[in-house]
Every structure is written in C-alpha cells, then in structure tokens.
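Two complexes follow with chain A in common, the first pairing it with chain B and the second with chain C.
Right, the complex of A and B next:
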C-alpha cells in the first residue's frame, strides 16, 4: 500500500501523460466520460460512475484494422496496430470486471482476437474505488464490489487526506515507480453504503423460460435502440466493413473497419435473403438477457453482466435488468 | 412521482370499458416501474387496468408504438385495434400518421388527456410545454380531465436565439462538438413516431451516404439527415432530445426547420391531418394531386 496526496497524484499523472496514452474520467459538457487526456488538469478526481464503460479503449467503437492501397494491379495491405503503452486511470472496478468478461471470448478462445489482445497487452488498469454504490449499481451480486481489486493492476482508494494506492499485479508495481510517496494520513476508507442484492439465476434455469410472457412484458416498450449495449462494459458484438476513403486516378485507398454492433438493433440478426429470426422487440431484448445470463456463461465461462447499472440509468423507457432478473428468479 | 388520482381513475375506467367490451386488444398507457419512474405500459386485459397511471412524469409519446401494431398478428386477419393515451403534443403525431396512411383511424382509439404540462429530465417543466398552446389533444375519441386555464403563450423561438447569434463557422463548431458526444445509438430515431422507414438510409449495408463508423462525419450526416427527413413532419414532442443519453440539443435542429417550413408554407405539422408541404403525391399525369 502506498499513500500520496492529490498533488502527488497529479504530478505522477502529468509525467505519465508524457510517456503513455493516458485515459481518465473527464467532464465532457456535463457528462462524466473517459477520454484521452494530455495532463492531470483535465482529470476528474471526485466523480460518480462514468456514463460509458472503459471498453472503448480496448475494443474501440470504430477501429481501423487494415489499410489497403491499390495502384493499378498492385495491392498493398497494412495492418494497423497502435504501439504506445496505455494507462486507463480512474476506471471503476466494474469496468475492469467487464474487461475480464470480454477476455473470456477475445483472449481465452483459440485463436484470440489479435487487435483486442494487442490493446490488452499495452494497457495498464489503474482503478478508483467507489466509496458508495450509485443508482442502479449491483456489482456485489455479480461477483464484484466497489473496492474489488481482482481485475485491476492498481486500486486507488480516496481518503480524506489523500489516496491509498494498492498495486495488484507486477504491471501495477511498475507503473507506480514514479509516484511521490508520503506517510499515510488516516486509514483507508471503507464502503459507506451497499445497494440491495439482486438474485442471479444459473444459466440452465433460464432455458425453460424462453417462451415465458415476461419477455413480451419487458420487451414491448423497448425502443430497439442501442443505448444499453453501447454503455455496457461487457457487450462486445461488432460488425466489419470496408470503406473507400480516397479515390484518385490510378489509386484507391480502402480501410477495413470494425465497429460496435448491438443485438437490440432490428438489423442485427437479419440474414441473406432478408429473413430475420428476431423480428420483434421482445425477441431482441430477450436475446440480450439470455446472452448475459445463459449463452455467454455456457459458451465462454463468465456471466455477461458485471452489475454496473449503466443500462438501467440510461434506458429512456425504464427497461431494468434487475427487474428482469427478479422476474426470472420468481419463475424458477 | 406525483400521480394525478382523478385522471388516473378516468383512464382506468376507459381502459376497462374498451378491453372488457372487446373494442380494443390493447391499451397503451403509462405505469410506474419499480424504481418509481413512469414508463410505457401495454395492458391487454380488464383485470390489469390498475397498472395504468397518469402524472406529470408521463412524458413519453406513446404513438410511436402504433407502428408495432400495424401488422395483423396472423396472416389474413385485420391488424389489432388499440387504444393509446395521448397528450396534446402526442395527438399531433396521430394526424401525421393518419395523413401518411400509417394507421387507419378506425383502428385507433385515442384516449386524450387534458394536459397541464409534463416534466423534463431535470424534473422541471419540459421546454416543449412552455410554448404549447394546446390544452386538449387535436385528435381524440374520449377526453379525460378538464382543460386547464393556462393562458396561451406565443412561440417566440427564443430557444433558437443562441444558435442564430453565431456566425456560420461558430455554428458548425457548435454542432460538431455536440455530434462528437453522440454514440450513434439511434435512440433519437427509434423513439420518433415519424421515423418508420423499414431500413434507415443511414444504416444500409450498401449506404452511399455514410459508412458504419461511429465517428463525427457519420454522426454529422446522420443528424442533419434525420432532422431534414422530419421537416414539416416534426410535431415538436422533443422525444428525440429526451431519450438522448448524451443530451444533444436535437430540438434546436428540429425547430429551426419547423420555423422555416412555417415561414415558407404556413404549415405547422400535426395541427391538421395533412401531409408536409415538402412531399406530395404524383397523380397519373405526373403532376401533384
């Protein structure tokens, strides 16, 4: 455990910003969002749960995979991989937990996802503990917690006189080398308040409920937008397309891009010929919950939800994953 | 949230009568979720009508769900007949959907609410209510509540002033900053009763206008295109702005076009059952009908 003041933390971050790609919680026109920062001045140190998860920096919403240049008959293909080290500062323990969930598919399957692995290897996760659970949070029901160190390289706990920094991995020890350390003032804080736990039903008990009327009840008001999947730290579906970026006489430049996709979207499941096996909103919303609590754990291991509560707060029509979990629990 | 008991009771009575008599298959209204938030509710039987409520948090424009009721449940059957609770602003959408032949008048029972205004995201009176002059819906079959005596306020377009003070370059940078926050979740499009294309031109696999990237150029084209497709059709229910998780001020885009259309054509969408003057049907000779 190391201790430093806000000033010490800021000096350390300013130095880091010169050496690595530093990402941290910032105020973007009144919204708390993780963004790349050039210095500690842009960073929020006292903030709630950022509205979007940190997955964007390991699984970008838009990622150029290949650059293709065609000159006459010559075609040159270049793979695009950033090489600078990246530090995600101030992410919440649920964000790191979400990355561990994505790892089960993108890292632990054979072959692993080359691009995700590259981002994962270049990234150090420096988490900021939550001193309370926010609206909608239920991480403690999903195997995490407001001060969970499990999936982080460093956990920071803010206290009255400064910050307690706990390295968790060798990567974490290394990144803290330049930190100006001081004598601890006071004790590390503990969590002030926990939210009510939510029942988690095991995957096999979801199967018989596939045709239950609860899907109609929750899904009928769904808008089929993508908010819940895009704010989610574990949703990882994507689409790959090619786009022409430049055409000149004798020269064409093309990019192959990967972009986020969402199972809640009407087009997501459409197949050749135009058939859509999930034609209605309840069909699609059901898939989102089955993916999280049935298919993903059965196929890849971990549950596909970390209880961050972002989808609950962001949904404009009050689709509430904890209400669904409670309804499923009542049926089993 | 505050529940208006008398109006809640009247809505439940109408819903019970319509469902019990088999006049409609479903009543689309509002209920309270477990976290105390008002939300859309679909009631299919007379025993369930006590879920329905009315209060100042009932901000959603429920007419958007009529698109899910356009198709018959089984081939060969008629589409279901449904009832929907509408505020004055929502009822203007009914005129749009009727004029655009999206719904047949006889398939919808409009439970109109005499409206005192609803609240916005911040708990304050919604901006759209401050300039609304309708106290009763423009289309309804039954009316609940008494029209409140709130003096009409003329729409002075003061919300647009901050945009108009800007130079073209400042306006562009203002909008690009806003679009930068957009996450391309399409919630604005999905909630809009006027956005009902089977395949959105901004989401086509072979799209010529925008590719699938979630970057500022694509978001820029999408938002301007979305607003333009609603020119003369937007009824200013502001649902797009309400649902936006990044608080993009989309009503500014919509209202700039509303004012243009009113100035050029004297048309304000939804007041009557007429098509936008920006589209017309071609007759047999190729001339507008």
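Right, the complex of A and C next:
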C-alpha cells in the first residue's frame, strides 16, 4: 500500500500523460465521462459513477479494422493496429469487472479478438474505489464491490488526507514506480452503507421462464432506443461495414470499420429475405437479459452483468434490470 | 489459420465470372489471388460459408455453392437485397472482391454416406445444397438413392436450371421440381414443396433428408418429414443470419445460447428442437 497527497497524485499523472495516452474522468458540460486528458488539470478526483463505461477505450464505438485502397482493379489491404499505450485512470471497479466479462469472449475464446487483445495488452487499469454505492448500483450482488481490486492493476482509495494506492498486478507495481510516496495519514476508508442486494438466479433456472409473461410486461414499453446497450460495460455486439473516405480518379480509399450494435434493435436478427425471428420488443428485451444471465455464463463463464446500474438510470421508460431479476427470482 | 492471420481480413479475389441465375439472383465465380487464400479454401466442405466483400460497401455471408472438385473458383449465389448485395450485382467480370472463410461446420458428409439422401431446396435456399448434390454425384457409389425436390415461389426464381438435366439423368437419382405459382411459360408442376414431398413420400428407411429454404419452409418440411416417419436424427438443415464476424464474436447470429456461425450453420433437427429460442 502506498500513500500520496492530491498534489503527489497530480504530479504523477502529469508525468504519465507525457508518456502514454491518459484517460480519466472529466466534466463534460456537467456530465462525468471518461475522456483522454493532456494533464491532471482536466481530471475529476471526486466524482460519481461516470455516465458511460470504459469499454470504448478497448472496444471503440467505431473502430477502423482495415484500410483498403483500390487503384483501378488492384486492391491493397492494410491492418490497422495503432501501437499506443494507455492508462485508464479513475475507472470504477465495475468498469474493470465489465472488461473482465468481455475478456471471457474476446480473449479466452479462440480465435481471440485481435483488436481488443492488442488494446488490452497495452492498457493499465488504475481504479478509483467508490466510497458509496450510487443510484441503481448493485455490484455487490454481481460478485464485485465498491472497493473490489479483482480486475484492476491498481486500486486507489481516497481518504481524508490523500490517497491510498494498492498495486494489484505486476503492471500495477510498474506504473506506480514514479509516484511520490508520503507517510500515510489516517486509515483507508470503508464503505458505510450498501444498496439492497438483488437476487441472482443461475442460468438453468432462467430456461423454464423463456415463454413467461415477464417479458411482455417489461418489454412492451421498451422504445428500442438501445441506450441500455450503449451504456453497458459488457454489451459487446458489433456490426462491420465499409466507409469510403476518399475518392479520386482511379483511386478509392476505404475504411472497414466495426461499430457497436445492439440486440434491442428491431433489425438485429432480421435475415436477408426479411424474416425476423425476434419481431417484437419483448422478444428482443428478453434476448438482452438472457444473454446476460443465461447464454453468456453458459457459453463463456461469467455473468454478463456487473451491476453498474447505468442502464437503470439511462432507460427513458424505466426498464429496470433489477426488477427483472427480482421477477425471475419470484418465479423460480 | 496461423496465429498471426487476421480472421477479419479478406483474401483478395477477382470476379472470374458473373451469370444470371434467376430474377434478382446472380452467380458469382471468384478466383482467389493470394496463396494464403488459395490454401485456406483448398478443401472447403459442402455447407460451409464465407464472407464476400464488395469493397466500399462492406461484406456479407453467403453459403458457398461450389465444390473444390468441380471448379477452381468459389461460387456464390447472391440475391440483390441490401447494400452489399446490390453493390456486388453492379460489379463486372475482372472486378476485385474479397473473401473471408471458409467458416461454419458444413454438412456431415461422412455420416450421410451410405444413406439414401433426400434434398429439398427452396428458392435461393438451394444454393448451399448444390455442393451436397455435386459431392454425391461425384462419389455416386458411396451414397444410396438420391431424391432431389427443387422448388421456388415462381419459375423465374428457380436456381441452377442449367443443371436440371444433369440431375434428372444421373444414375439412381430422382429429380422433381415445383413452383408455388406458375406463369405462361411453365408447364411443370405447381404446388408447395411439402405437397410434392407427401406425394413422393420417400421411405425413411436408411435415409437422411437435407433441406434449406425460407424459415417457414424448413419448419413445414420438417413437419412433413416427421409425418412420413423421419426421425429427428434423419433431418438436416442449414440456417442463416446477418452475421458480421463469422467467428463467434459479434453476437449477431445468436439463437438462444447458440451461434449460427460457430455452432452451425448446419444443424440436425434434434438440435433445433432443443434450442431455447426458435429460428422461426
């Protein structure tokens, strides 16, 4: 355990920002969001749960996979894997947990996702403990916690006189080498109050509820707006398409990109001939919840939800994942 | 695939031929240009699929409709329905394309060997069945009797009509064709493939039935086969989805906890019966 003051932390971050791409919580017009920063000046040190997860920095919402250059009938394809190192500073433990969930599919299932793996290998996760649970948070029910170190390289706990920094991995030890260390003042804090736990039902108990009316009740008011998948730290579906970036006589430059996709989108499962096996909103909302609590754990191991609560806060029609979990628990 | 191969990078190819197959449907013959691509597709199996790139529009998955024994080209039957397929339809011979694959499990030809085979193709759903037909005809002594039921909504949507004569005259092979609605040129049979199937009523003994077509057709073909005494382990189909990766990552083709791309696209009826979520 290392201790430093806010000033020490800022000096360390300023130096990091010169060496790597530094991403940290910032204030964007009143919204707390992770953003690339040039120095510690732009960083928030006392902040709520950021409105979006950190997945964008390892699995970007739009990512160029290939550059394709077509000259007449000749085509050249170049793989795009930028060789940048990044530190994600101040991410919440649930965001690191979300990345671990994505790891189970993108790293651990063959073949690994080449792009995600590339970014993941070049990323250090420096987490900031939560001193409280926020609106909708239920991480403690999903195997995490406000001070969970499990999926981080470093966990920082803010206290009265400064910050306690706990390296968790060798990467974490290495990144803390330049930190100005001081004598600890006081004790690391603890969380005083936890949100009510939410019941987690194992995958096999979800199966008999596939045709239950729960899905109608929760799904009919869904707007198919897809904000839940956008804010989710574990939703990882994607679409792949081309965009033409430059056209000159005899020369076309194309980028093959992948972009986030969402199973709550009406056309998600529509096939080329027009048939849609998931034609209604309840069908699609059910798929999202089954992916998280039944399919993903069965196929890849971890539950597909970390209890960050973002989808609860973001949903314009108050679809609440914890209400769904409670309804499922009642039925089993 | 070597560890350093990027599975999202298409192999470069050239359109060696484009033929009209049916209304709105063209057959694309692709010559692979790179050694890696030729090696990857040296021994692809009936029922496997691949992504075809129309550069500038994107890529889409298609069942491979050729066999490596019959042609050095990769053949795909493509219906113009979306951005990628309309862009493909606008290409000419000699134009560059990309191909990613081969992907998916393919038909279990080793298990099909020694059986009488009933093929039921509906519309462009016949495309992934053509390699099965060709493989059986090319290794005729390894399989039992072959019955082909070929259907489409209308005569102009029947695919591979040029090959009907070969199929009709092949040894130990019966070929039947039907359309839902005829037209002024059509003198053949009119009616649903399921009616034709009931009429022919092939024996389930030592037989395997393989079907592909619109989801509703697959559903009713399975029901009819069941009525004729076919067991779930005697019925095969191949499913489709608008996939984006083909390697189990993008999520787009999930049927419950299964992925059509990596668990399929070929499934036995007993597997489908156990799916939590149906394909229909």
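Keep in mind that, in the parts below, the second predicted complex is superposed on the first by the 332 of 332 C-alpha atoms of A that agree within 3 Å, B and C clash if a C-alpha of one lies under 4 Å from a C-alpha of the other, contacts with A are read in each partner's own complex, and residues count from 1 in each chain.
Everything below uses one rule, namely that a residue touches a chain if its C-beta (ideal position, glycine included) is under 8 Å from a C-beta of that chain, and two chains touch if they have at least 3 such contacts.
The shown structure was predicted, so the numbers you read here are calculated from the model rather than taken from an experiment.
Q: Considering only touches as defined above, state whether A:169 meets chain B (first), chain C (second), both or neither.
A: So A:169 meets neither chain B nor chain C here.
Q: One more residue to check, A:62. First (chain B), second (chain C), both or neither?
A: In the superposition, A:62 contacts chain B only.
Q: With both complexes superposed on chain A, which partner does A:159 reach: first (chain B), second (chain C), both or neither?
A: neither
Q: One more residue to check, A:316. First (chain B), second (chain C), both or neither?
A: A:316 sits against chain B, while chain C stays out of touch.
Q: Quick one: classify A:291 as touching chain B (first), chain C (second), both or neither.
A: A:291 contacts chain C only, not chain B.
Q: In the superposed arrangement, which partner chain does A:39 touch: chain B (first), chain C (second), both, or neither?
A: Neither: A:39 stays clear of chain B and chain C.
Q: Contact-wise, after the overlay, does A:331 reach chain B, chain C, both or neither (first, second, both, neither)?
A: Touch partners of A:331: none, neither chain B nor chain C.
Q: For A:239, using the defined touch cut-off, is the partner it touches chain B, chain C, both, or neither? Pick first, second, both or neither.
A: both
Q: Determine, under the contact definition given at the top, whether A:221 touches first (chain B), second (chain C), both, or neither.
A: In the superposition, A:221 contacts chain B only.
Q: Which chain A residues are contacted by chain C in one complex and by chain B in the other?
A: Shared contact residues on chain A: 239, 241.
Q: Which of the residues in chain C come into contact with chain A in the complex?
A: 1, 6-10, 12, 14, 53, 55-60, 79, 81-82, 85, 94-96, 98, 214-216, 240-242, 244-245, 247-252, 254-257, 276-280
Q: Enumerate the contact residues on chain B facing chain A in the complex.
A: Counting only chain B, the residues touching chain A are 33-35, 37-42, 60, 64-65, 68, 177, 181, 183-187, 189-191, 199, 203, 205, 211-215, 242-243, 245-247.
Q: Under the touch definition given earlier, write down the residues of chain A that touch chain B in their complex.
A: By the definition above, chain A touches chain B via 28-31, 33, 51-52, 61-62, 217, 220-221, 223-227, 230-231, 239, 241, 243, 257, 259-260, 262, 265, 267, 280-281, 312, 314, 316-318, 320, 323.
Q: If you look only at chain A, which of its residues touch chain C in the complex?
A: The contact residues of chain A facing chain C are 65-66, 68, 70, 73-75, 77, 79, 105-106, 109, 111, 113-114, 207, 210, 236-242, 244, 252, 254, 256, 258, 261, 263, 268-273, 275, 277, 287, 290-291, 294-295, 298-299.
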